[in-house]
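In the part that follows, the structures are each spelled out as structure tokens.
Shared chain: subunit A. Partners: subunit B in the first complex, subunit C in the second.
On to the complex of A and B.
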């Protein structure tokens, strides 16, 4: 009721622009309608933690219809063999993973050996160099990766990443680069895997970065 | 320690030569994250996505007050290109695309201390973009910038040197 004794028209509600006094049901309904201001737009989709050795870690519910940018953290990635750490995309919910049409340009610097260099391809079989893994004690990879437009069937799927690894040459190496799956396909799953052996430890989290019109 | 992103604003623009994202930097956050998945050029080939900051009145800062350094790698060509300046009138660029809607870009940019009038504003960005002009392809860019005039900054401008562009971005505060 307004101060003049009439019931005003309900204000339009949207993120960052909520007006009025809300009951728990109002908040529930507005949240479900994506119109209630809840801060925290880095939304955890899934975390996978090592419980047994695996050849790959699959994320099959990436919610690519909701998020146009995904963020993945890779923590304490350990392999049974000297290996790189790669990633592939799937457009059939993880039944199969694409093994071609990946381009990348990745720079590296390291604490010993060749000081810096480049890994690149216009015909790669995966997003690569998410880390460099060694099989000895304390050799592990850590890093993060952004994915762009995974669910957009009209655009290429881009990615950027940076990692810090204690590699199989006992060097600390940093990789950073850009990657693209250069087909206009809507992707709905992704796989992280070592190029040899199995993962004997890992914690990998996938987040969506929520936005509003 | 940063624990979450808090949405501030989204912009979506088509057919313009510049996009101003205004009133996004406040005293609520020290660090900001800007993400974009859409940058498409119309009517011109091989354009960079440029950036300048907006001052406390929303006016673009186009003076020679930016330092930047960018490393560029190209999937079709060996080596890398370095672009750096101790004084120029724009920030490090993200994206280098051609006139093709299936091309585009993905980038995240972080901006530090923009609202602090006693501090320089710093930025880092990394982008992945596709440019098929003359059989090119994927372009990687990683860059840093600093606006070396201590003043309050409240927004940012994205623009191209020629043609018009379609652009979408979202801005977050890092809490």
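On to the complex of A and C.
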């Protein structure tokens, strides 16, 4: 009701431009319609923490219909064997994971040894070199990934990553890479796994980066 | 880390460029690009900084990037005194494959240069490609946003979003 006693026309509501006094139901409805100003566009989807040793960690509720950019943090990743850390995508909610059609080019630098440089492929079997893992004291991988376009069936799926690991040769190794799954498929699940052995410790979080129209 | 959306632009019909503004604090800002596609076959997405919402076109952009290629050796790609900086590698418009994360530093500070880090991935010339690096605009002035544009033609698609990092 306006100060003159009439009911004004309802204003258009949108992110960053809400007007009026809102009931909890209004807020609920506007939020569901992506028209309510909720600041904080880095939204946690799920965190998985080690409770028992596993061969892989699957995220099967990635909300790819909501987010076109995902952010994953990989913290204290430890394996039972000397291994690398890889990631695969699924288009059937995690029933199977794709094992081909991955392009990547990854730079790596180590504090010991002469093996610095890059690894690349146009026919890889995973998003690879997310970290270098081991079972001895201090050996662990840590890093992050950004994923793009996972849920869009008309576009390829893309990712970038960076990691810092104390590897199975007891020195630091850094990976930084660009990755493409070159098939136009809508993805709905992610798998993180060691290339050998099982994961004996980890904390992995998946976030969505929200974008309002 | 938290993100607060400042501006966004989803391209659904061809435009010559996309400009995002709204930087008005000394915070670090972040831009996401998803599904960017040029109109002209295969092209890169370039970037300029805006002062009072006007893209700056003087030859003061320097960049130093690692250019990743899935089918050939990487390249150290650097240049100075250009009228733009590189944001992505080549994008094949058949796959709408321009994507990246860009962090913006010192934009609101009129007494310092403005800096940007680049982390982008594309698909072009039948291979995955990436850029990782940094850019500086060597003029001490305040900037309130960024502009994205191809080297020729238009941008056909893509979502460009500016966030404040809090």
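FYI, the second predicted complex is superposed on the first by the 209 of 213 C-alpha atoms of A that agree within 3 Å, B and C clash if a C-alpha of one lies under 4 Å from a C-alpha of the other, contacts with A are read in each partner's own complex, and residues count from 1 in each chain.
We adopt the following convention: a residue touches a chain if its C-beta (ideal position, glycine included) is under 8 Å from a C-beta of that chain, and two chains touch if they have at least 3 such contacts.
Nothing here was measured: the structure is a model prediction, and the numbers come from that model.
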item	value
Joint occupancy of subunit A by subunit B and subunit C, clash or fit	clash
Which of subunit B and subunit C A:175 touches, first, second, both or neither	neither
Which of subunit B and subunit C A:68 touches, first, second, both or neither	both
Touching partner for A:104 - first (subunit B), second (subunit C), both, neither	both
Touching partner for A:59 - first (subunit B), second (subunit C), both, neither	neither
Partner chain in contact with A:212 - subunit B first, subunit C second, else both or neither	both
Set intersection of subunit A contacts, subunit C complex versus subunit B complex	15-16, 39-42, 68-69, 103-107, 118, 120-122, 146, 148-149, 152, 154-156, 158-160, 162, 176-180, 182, 184, 209-213
Parts of subunit A lying in touch with subunit C, wherever the complex brings them together	15-16, 39-42, 68-69, 103-107, 118, 120-122, 146, 148-149, 152, 154-156, 158-160, 162, 176-180, 182, 184, 209-213
Contact set on subunit A toward subunit B in their complex	15-16, 39-42, 68-69, 103-107, 118, 120-122, 146-149, 152, 154-156, 158-160, 162, 176-180, 182, 184, 209-213
Subunit C - residues contacting subunit A, complex	1-5, 8, 10, 32, 34-35, 66, 68-74, 95-97, 99-101, 119-123, 126-132, 159, 161, 163
Complex contacts: residues of subunit B adjacent to subunit A	4-7, 10, 12, 35, 37, 71, 73-76, 78-80, 101-108, 126-130, 137-142, 170, 172, 175
